[in-house]
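Take a look at the structures listed below.
Heads up, the next two complexes both have chain A, just with different partners, chain B and then chain C.
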Partner chain A sequence: MIHAVLIFNTSGVARLTKFYTPLRQSAETLVQKIFALVSSRSATLCNFLDAPELESFLSQSSDDGDKLRVVYRNYATLYFVFIVDSVESELGILDLIQVFVESLDRAFENVCELDLVFHFDEAHHILSEIIQGGLVLETNVEEIDSAVQEAAKARKESFASANPLSLGSSGVGGRGSGIQTPLGWLTTKLTGVSAR
Partner chain B sequence: MDVPFISSGALSRAHYALVRKIETATSIPAADQVLLTEIETIRERLARAGLTEKQTKEYLILLLYCSMNLSVGLTVNMDFALPHAVNLAEAGRTVQNKRTGYMYCAEMMPKDHELQLMLVNTLRKDLEHPSMSRICLALEVLIQSPSEDIIPAVQDRLYELLSHNSPHVRRRTLYTFQALSTCHRDILERVAEKINQRLRDQEPVVVTAALSVSLDLLEVCWSTIGRQVAWNARKTAGRYLAASRRPHRALSTGKDIGNLPDSGTNSTSMQAATTDHRSLFGTEEQCKRASDLLEAQSSTRKLWIDPIRHLLVSQDVNDVYLFLTCLDCIEPKLWAGTTSEVPAVLEGWEVERIMQSLHSPDSSIRLKTLRILSKVDVRIVETYYTQILQMDRTSATAEELVESARRLMEIIEVLHVKDGETYAHSLRDIISTLTSQSVAEKQEVLQNVVEEVLIKLREAPTDFRSAFLGVFFALLDNPEQPLGPTTTVIGAAVVCEYLDNSPIPPTHLLQALSTQLPSYNAAIQDACLLSMIRLIAACEDIPESAVAIARKVQEQSGRYIRRRCEQFLNLSHSRTIVQHIVSKSKSSSLPDFLMSLEAYEAEKMARAATSPSLSSISSPERPSSRASSQASHTPGKLRYAAYDAPKLTSSLRRTRTRSRSPYSDRSGSSRFINEVEDPMSRTITAGDLTLASGQIELQTVSQPRTLPSTPPQLARTVDDLASRVDLIALDSPFIADPPVTTTPTQADFDFKAMWDKLSKGNLRGWCESPMDAVVRKLQGDLKIAIYSADSSNPDTVALLRLKEGEDDSCMWHLRCDDLGLKDTIGVTLKDI
Partner chain C sequence: MWERTLQDLIRGLRANKKDEAKFIAQAVDEIRQEIRSKDMELKAGAVLKLTYLDMLGYDMSWASFHVVEVMSSPRIHLKSVGYLGASQSFDQDTDVLMLTTNLLKKDLTSKAEDVAVALNGFAQIVTPDLARDLAQDVIKMLTHSRAQIRKRAVLALFKVLVKYPEATPHAMTRLRERLEDSDPGVVSATVNVLCELARRNPQDYLSLAPQLFHLMTTSSNNWMLIKIIKLFGTLTPHEPRLVKKLQPPISDLISTTPAISLLYECVHTCIIGGMLQGTTGNALARTCVTKLANFLQDTDQNLKYIALLALVKIVPTHPYLVAEYQDMIMSSINDQDISIRMRALDLISAMANRDNLQSIVQQLLSHLVRNESAPLPSAVQSLAQHTTSAPASTRLVNAPSQSPAYRLILAQRILALCSQGMYENVTDFEWYLSVLVDLAYIASADIGGEIRDQLVDVAARVRGARRYAVQLMVKLLCDDTFLMHAGEEGSCAEVLWAAAWICGEYCGELAEPQKLLTYLLQPKVLSLSSDIIAVYLQAAIKVFGSWTAELADRWDDDDLPKVRNTVDTVVERASEFASNSDIEVQERAANILQLLTFVRADLNVFRPKVEVGFEYDEPEASGFGEEASAEPRFPKSLCLVRPLFDAYELNPVAAVAQESVPVPEGLDLNAWVVPPPKEDVTPLQEAEPTGETKPKKLKKGKGKDTGAKGKGKKRKDTEDTGDTLIESVETAEDKAERERRKAERLERLRDDPYYLVDDRAARPKIQQDDLDSIPVVRLDDLPPLPTGSAGNSRLPSLRSTPRTATPPSYMVDRVGEMPANARPATPLQEPTPQSLSTVSAGNGAVSAPLPSFPVYEVEDDIPRTGTPSPIKVVRAKKKSKKAGSSNGKKRTTDSTSTQ
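Let's turn to the complex of A and B:
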C-alpha cells in the first residue's frame, strides 16, 4: 500500500502532501524528517531507502512486520516522495512517480514548481486519477491524461451550464497554454532522461 | 517570485498576493505571521453572509494552502470552514466547486467529526446523479474516507453502479467496496457474484480492480462463491500474464491467491519475466518454492537469471539494487551452486561484482548484499566482519571511525538478526575495538552507534530485546570491566527506558552507574545522573556509596552537573516523587524522563516563588521574580520581553542541510534559505544523547521560552514529539542559570498598557541596519521591554517597537521614562 505521497522542493518546502493512512504526528514534522533523509543522499545513491524511524509517524494498518520504505525521485527543483510498505514493488513505485510527473506535465504543459504552488488542488485531482485510497488506480499515462482531460471537459461543461454567458476556461489549470513563467521550469521535458 | 499575476495561474489577485508574500517572506516566522493573518481574514470573511460559490471555493483553497505552508508546531484550528466546505460539496453548481468542498472535508475534517454525517446525504445524491463525473467524485470521496455510517445509505446504489456503463465508474465502485470493507468486513460477501462478473469484464482497468478486491474478498468469504472468485482470479491473473498486460498487478494477485501455485502459472510468469524483467518481482515472489521455479525454468527452457543479468553491470545504481532484490528473493541453492543438483548460474566476474557491492556507498545496497551473502554462507559475512573489525585505525579521523562503526553495525545486524545476545556481545566488541584503536576518540561517544542501537531496540521483537538487555545490564553490573563512554551512554539510556525488563536489581545498576561517574566528562555524567535519578523510583534503598560519589562529583563539577547532582541528592530520599515524575513522563525514554523532571522542577520553583516565606527572602534586591532575573544581569545587558522563542543555535545542533534551489535563486524567495532547524520542532533521536561529546561551546538551555505573538484566538501548539525537550539539554554542564520561571511573568506582561502609559517618553529614529540585526543586537523582536539592572528602581523599563523597512532597515520607536536608560538604548540603536 502507498501510505503517503509528498512533493517538496529542494529547500524542503512542501508543495503537495497526501496521506492515505492516518498520521500520528504533524505532517510538517514528517515532511521535514523525510526531507532530511532524502536531501542528504547524493545523486549516486539509489532512490530507495528503508526508514524505520518513520514508523512512529504513520499508523500501520498491519503489524506483520511490514517495513516502510521511501521511494523518491528528484526532478529539477522538486522531490517526489512515496512512502510505501513492502507490498509495493520499489521499482513499480519509481515508475509510478514517473507516470505521475508525466501526467502533471501533460496537464500543465511543461509543469514547473509554480504550477504546483498555484494549482495544488489540481495536482491533487491528477493524483487521485493515479492513486485511490493508497492503491494504484491507473499506471497508463495516456489513460490518466484522457481522464484528466475528460474531467476538465466535464468541469467546463458543468461550468458553462452553471454560467451560461461565460466563455469557459481553458486548460486544466486555467492557465493559458504557451504562457511560461520565467522561473522554476524543469529544464527538460520530464521524460526521465534527466531525472533520477 | 517574479512571475506576474497574469501568467501565474492564480485563482485571484488575493491568491496571487498571498503566494507572493509567502514565497518572498524573509523568514519562517514572517511567513507564518502572514499565513495567520490570512487565516484570520478568511475566518472573518467566511462569517459574512452572502458569499458566492466562487468566493467560498477560493477561501477554501487559500485555507488549504495556508495549512500546508504553516511551519512545524504551529497548528491552527480551521474547523470554522468545514460547514462552508460541506455546503459547497452539497450545493456546488459545478463539479469543480463540489470537488473543492469535498477536498477540504477530506483533508481537514477529523474522522469522527460530527459534520461527517452531513456529507452522507450529499454523497448519496451525487451517487444517484446521472452525471458520470459526479458519481466518480462521490466514489472517490468514499474511497478516501470510508465510514460505517454511510454504508446503509449507499450500498444499494453502489451495487447498481458495479454494472454501470462506464468502466471508470465500475472500477471506482469496486475500490469503494474495498475501502468500505475496512469498516464492515461482510459488505464484500454480498457483492461476491458481481466481483466474479467484473473479473470477466471487457475493460482491463476494471479487471485489475476486481483482482485487487477479490483478494480482500477471500479473506472474509470462504463460501462456494468465494472459492469461485478465487479460481477466476487465478485464471484471470494467468491470462493477464500471458498477454503481458499489467504484469505486476496480475502477478501480485497470483502470488496472493495462488497458495497452491501450479506450474502453468509459474511458467507463464517466467515467460512474462523474460520479456519484462520487472515481472520477475512477481515471478520470484510466486515461485518461492525452489521446485516451482525449477519446474518453471525447465518448461520455459530459460534461466531465471537471464532477464536480469544485465542489471548487475548497469551504471544505474537502481538497477543494481533491483538485481540484488531479485537475488535476495531466490533461494541460494538455485544460483550459488551450493548443491550439486543445481550448478552456479553466475559467472566468476559476476560474483566478484556482487562482492564489490559490499563497499558500495549506499547502505541499502550494502545491507542487501550482506543478506544475500549470509544466506549463501554465513562464514563469508563473518570473515568480512573480522576483516573490517581488525582494520588498522590508528590514524583514522572521527568521520572514518563513524563510517567504520556504521558498516560494522550493518554487518552485525545481518549476522545476528534474531539473536539479541550475540548482537549485544558484538556491539561491545565493536565499540571497544573502535575506541581502543583510535587514541583521539577514546573519550568520544560514537553517536551513530547509540542512535542505531536504541532505534533497533525499539523495533526489535520482545525476545531479541530481552536477550540484548540481559547482556547489556550484566555488562553494566560488571565492576571489573570499565565501560567506555559510548557503552555508558547506551547503558544510561537503556536503564531508563527498559528498567522494568532488567534482570539486575536496580540498586546494583545504581551502584554501577555511580562508580564510574567521576571518570567521565560532563555530558556523559549528565546522562548517568539522569538514569540514576530514574533508578531511585525502583530502589528500596539508595546505596550510601552512590550518594557519596554524587556528593563528590557535585563538589568537583561545574554548575550544570552540580545542579543535576543536587537533584539526585534531593530526590534520593523521595522515591514517591520520582515515581510521580516517571508516571508523568510521556514515555519511558530518557529525553521524556528529563522533560518530566524539568517540568517537576519548574513547578516546584514556581510554587516556591509564590509562597510568602520565600518571596520575602528575595527582597530588597529581588523584589519579585521578574526583578530577580533582572538583577542577575550585568548593567550592560538589556532585558527583553521578546516575541520569538529564543533560538538555540548551538553548534551541536544539527542544522538543516539545505541547498539553495534554483527556484529560490531566481525568485528571490529566501525564506527557507540559511535557516536553522528549530530545535524544538525536530524529532528527537537517540543520537541526541551523544551529541554532547566533544562540545566546546556550552549553552544556556533554561532560558525562558516565550511564544511569538499570535492572534489571541490562535493557539500555538507544538506537536507531541516536537514539544519535548531533547537530550541536547544533557550536554550543557555549565548551564548559566537554573530554570527561571519567568515565562508567566512575561506572558502576563501587558505591553500595550505599558506602552500607553509611557506616551510622554517618546524617542523615534531610523536604523540603517536591517531589523534582524537590531533584533539580534537587542536579542528581541518587534516589541521589546528593556529593563536596566543597575537602576535603583526595578520598575524602570524601556519599551521598544521595531518596524521593518523594505530596504533592509527598520524604524524604531522607544518609550522610556528614565532618561539615562533611554539615552543608553538610543545610543546603542544609533551605533548599530
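Let's turn to the complex of A and C:
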C-alpha cells in the first residue's frame, strides 16, 4: 500500500503531506531528510530514492521484512514523493504520480505551486479521489476529474445555500479569488503515461 | 466579519517570513477564539487554518473536539473540512474518536456526497473499535447504487478487516461478489484490496484463484493486471498447482505486452512465485533474466534500478544465469546514482562465491580508495578543470562514495561478504587479513569495531594465517601516523585493540619482540581510549614474557645488560600508566610493575657463572627451592612471566559450548541466589547457592586442565585464582552438608504459602547415547605431519618464499571449542552439506606444515593428549555468525576481562 504522499518545493517547504500509516518520527524531519536527499539528485538519475541515510526508516515496516520504497518525481518547482511498500508496483507508482499531477492540472487549469499553496484543501480533495486510506481508488484521469468536479460542485452549492449573499468564491471551499498561474509550470509534463 | 480566511493566513505567512513564529502565535490565538464560536462557518474556517498549520508542524491535537463538531455539520462544504482536519490530525489514541461512531453511521446512510466523504475519512481514522462498530455499515455500502461509493466502500472494508479481522468471514463473501461488479473501477479496487489481504495470509485466498485467473486472461486494464499478477505471486508459493496453470498465460504476457511495468511485474512474479522450476521453468527463467538484462542496459535509470531489484531475487535459484551478466552488474556499482549502487551492492553480495569474492572485494575497496585521492587532484586535472570549467562530470562520479553513510555501508558490506557462512568464500586468509587492514586505513567510517572483531576472529580460527596476522599487526602497531590520527572520527582506532591483542596472544610469532615493546609502551599510546591502552599493556607483558623466556632458552651472559635495560624501560613506562585514571589500565600497569620489580631484583643479584667453582656464590634470591646443582645458567625470573599467559591456548568457543556444559549434580539452578529476607536462615546458609555456581563455571576450564601441562597456572588474575581454588576444593562432607541443608529448607518451604515447590524429580540425566550425531569428520587422505613439529603448536619456520599464485589452503576452526564433557549436540547442529575447505597438499613451495589441531573429544573425561593429533575437520553449522565472532575473543575459561 501507499504509506505517504508528500509534496514539497525545491526549497524543502512542504506543500502537502498525507500519511496513511502512522509515522515513527515527526513528519517534518522526514520531509527534511527526504528533501535533502532528493534535491541533491540530478534529473538524469532514477526516480527511486535509496540511500544509506534512509535505511533505518525504510526498513521499519516490519510486517514481513519488506522494505519501503521512496518513489519521487520532480515537476518544475515541486517534488512529488510517494512512500510505498512492496505490494505496489514501482513503475506503477511512477505512473500514478503522473496521474495525480494530471488531475491537479485539470482541476486547477495549468496548476502551479501557488495553486497548491492557496488551495491545499482542494489538493487534498483531489488526492482523496485517487487514493483512499493508502489504497489506489482510481487511476483513470477522466474518472478522477469528473469525481473531483462533482464533489466540488456539491461543496459550492452547499456553500452558496449557506451564504446567499456571497459572490461565490471566498469561504472555505472552492477555487480562490482569481489567483492566476504566473508560472505555468507544468512544462516538463511527460507524455505517454501508459507507455510503461 | 474581519476574520482571516485560510488564504489570508497564507498571505500573512508569506508576508511575514522573517517573523513567522510570532505571526503564527498570533494566528493561533485568533483561531482559538474563532474555533469556539457558535458560527459553524467560522469554526470550520478555523479548523481549516489549523490543518494548514498542522502541515507546517504546529500541533492541533488540542482542537480535536472542535474538529468533530465541524465533521457533524450537515453542510457538505463544512463537513469535508471537518473530515480533512480529522484525517490529517487524528491518530489511534485520539480520545474523541469514540464520539464519531454515530456520526459516521449517520453519514454512511446520508446523501452520496456525504457517504463518499465519510468513507474516505473513515478509512483514515479507523480504530479497532470503529471497525467493529461500523463493519456492517461499510459492508452494506458494497452494494450502493453508485459505483463511486462501492469503490470507496471496498477500500474502506480493507481497513475494517485490518483493524477488526473477526469481520472477515462475512465480509469476504460480499467482497468476492465485487470481483464481478459491472464497474471496472470497483473490480480494480477489489483486486487491490485482495492483493493487500492475501499478503497477510495467502492460504485464505487460494480459493479466489479461478476468478482471478479469469480476470487475468480477459482484462486489458494494465493497472489491474499488475495487481492480479502480483497477487498470484503471493499465492503460488502456497499452491504449487497454480504454477502450471499460470506459466502459459504469463509467458504469453511477457512476450506480448507493450507495457514495461506489466512486463516487469510478470517477470517479478515468475521469480517470487517459484515458477522457474523444472524444464519449462528453466526456459522461462532464461527469458526473464534476458529481459532483465535488457533493462539493465537501458538508458532509463528506472529500469536499471528495478532490474537489479528483480535479479537479486533470482540469484538464489539460478545463479549461473545471472553470472553471465556479471560484468554489466559490476559496472552498475560504479553508477553515479547511489540508488542503483545500493541495489547493485545487494545483487553483488548475493552473487559472491569462492571464485569471484576477491575480485568483488577488490572492486569495492577501490571505491573507498579512489575517494582518498579525490581531494588532491593532480595538477593536470585541476588545470583541465579550470580551462574547461566543466568539472561536473568527474566530480559526480565520485559523489556517492563521498557520503559517509555510503562508505559505512560499503565497508560493512565488504566485511559481511567475506565473513558470511563462517568465511566459506574466503580461500586465502592472508589476503583477507590484508583487506581488513586496508579497510581500517581507507574506510574513514565508523567501522573499526567490526574490523577489530574480524581480525581477532580470523587470527583465532585460522591457525595458518596467524604468523601473517602477527606480521601485519606489528606493522600496524609501529605505524605512527595511524596512531596519530587515532583520535579522529572514522579512524578505526579500535583496530589497534586487535593488533595489540593478536601480537600479545601470538607473541611467539614475533620476529623482534623487544622492538615491539617500545611501541606498545610509548607515551603516545595514552591518546587512545582506555580499553585499548589496557590491551596494549597486557600485550606488552605477554610479549615481554615470551621474549625473556626465549632468551633464557639460548642464554648468553652478554644478554644481561640488554635485559636489564629493557626491564628498566618497561618499568619506567609502566609506572606512567599506573597512575592512569582508568581503573583497568591502572590495574594492569600495576601488575606489570610488580612482576617486573621482581624480575629486576632477580636480575640484580644474578651473577654470571663463569666457572663451575663459583657456585658457592649462590645468589640468595633463589627462592625457587630448587637444587643448587639444577640451577640454570640464566636468571630464573626470565621464565617467570610466560607461564602466566601461555599455559592454555585460546580457542574459539563453539556457539553452543555454554549450553552443552552438563549441569553438575546437586546444582539447582532454580535455587535462590539471595533468598528473600523473609526466610529465616542464617547468612551462611543463604550463601550456599552462590557457592554452587562457581564450581560450574570452573568446570569448563578444568576439563581442559587435565590435558595441559600441570605447572600452568590459571590464566586469571592471581586473586581470582586463589578464590576459585578454594571454592573448587569442596569436600565430600561439604557436599553432604549442603544437600542436607537444602533438603531441610525445601521441607520448610513446602508449607510456606509464598513458595511454589517443584515436586518433580531432579532433572533427567543427560542422554549420552547420541554421540554419533556429533558432526566430526575424519579426513584420512591428509599429508602426514612432519615429525619435527611434534608437540610444537607453532609453525616451525617462517615461510620465506614469496606468495605463490595458488594460495595455501587454510583450516578454519569453524565450530569452535566445546567443553570436554559436552552434552550431545542439539539437532540444530546438522552437518552442512557444503564442501569444506578440505586440505589439499600445497604446492611444494608452500609446504607450511599443518599445525597440530586440537582435538575435542566428546567422550567423557578423556584428557586431551599432548601428542600431535590427526587433523580433524570439525564440521558443524555454527549457530550464528555473530555468536561465532564474539566467541573468538573469549577466554575458554572466563570472560575477556581477565586477559
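Here is the rule we go by: the second predicted complex is superposed on the first by the 152 of 196 C-alpha atoms of A that agree within 3 Å, B and C clash if a C-alpha of one lies under 4 Å from a C-alpha of the other, contacts with A are read in each partner's own complex, and residues count from 1 in each chain.
Assume a residue touches a chain if its C-beta (ideal position, glycine included) is under 8 Å from a C-beta of that chain, and two chains touch if they have at least 3 such contacts.
The structure displayed is predicted, hence computed values, not measured ones.
> With the two complexes superposed on chain A, say which partner A:C46 touches: chain B (first), chain C (second), both, or neither.
Both partners.
> Let me test your reading of the model: by the given contact rule, A:A36 touches which partner, first (chain B), second (chain C), both or neither?
Touch status of A:A36: first partner only.
> Considering only touches as defined above, state whether A:E113 meets chain B (first), chain C (second), both or neither.
first
> When the two structures are overlaid on chain A, which partner does A:T10 contact: first (chain B), second (chain C), both, or neither?
first
> In the superposed arrangement, which partner chain does A:M1 touch: chain B (first), chain C (second), both, or neither?
Touch status of A:M1: second partner only.
> Is there a shared patch on chain A that both chain B and chain C touch, and which residues make it up?
14, 16-17, 22, 26-28, 42, 44-50, 52-53, 55, 87, 89-92, 94-95, 117-118, 120-121, 124-125, 128, 132-133, 135-139, 143, 147, 150-151, 154-155, 158-159, 162, 173-174, 176
> Of all residues in chain A, which touch chain C in the complex?
1, 14, 16-18, 20, 22, 26-28, 41-42, 44-53, 55, 63-64, 87, 89-92, 94-95, 117-118, 120-121, 124-125, 128, 132-140, 143, 147, 150-151, 154-156, 158-159, 161-163, 170-174, 176-177, 194-196
> If we count contacts the way the header does, which residues on chain B are in touch with chain A in the complex?
1-3, 6-11, 15-16, 19, 23, 61, 64-65, 68-73, 75, 93-96, 99-100, 103, 111, 131-133, 140, 143-144, 146, 168, 171-172, 175, 178-179, 205, 209, 212, 246, 248-249, 252, 278, 281, 317-318, 320-322, 325, 361-362, 364-365, 367, 455, 459, 656-664, 666-667, 672-673, 677, 681-683, 685, 719-722
> Using the touch definition up top, name the residues of chain A that touch chain B in the complex.
Touching chain B from chain A are residues 9-14, 16-17, 22, 25-29, 32-33, 35-36, 39-40, 42, 44-50, 52-53, 55-56, 76-77, 87, 89-92, 94-95, 113-115, 117-121, 124-125, 128, 132-133, 135-139, 143, 147, 150-151, 154-155, 158-159, 162, 173-176, 179-184.
> Could you list, by residue number, the parts of chain C that touch chain A in their complex?
It is residues 5-7, 10, 41, 44-45, 48, 51-52, 55-57, 75-78, 80-81, 84, 88, 91-92, 113, 116-117, 119-120, 123-124, 126, 148, 151-152, 155-156, 158-159, 185, 188-189, 192-193, 195-196, 199-200, 222-223, 226-227, 230, 258-261, 264-265, 300-302, 304-306, 309, 336-340, 342-343, 396, 403, 405-406, 408-409 of chain C that touch chain A.
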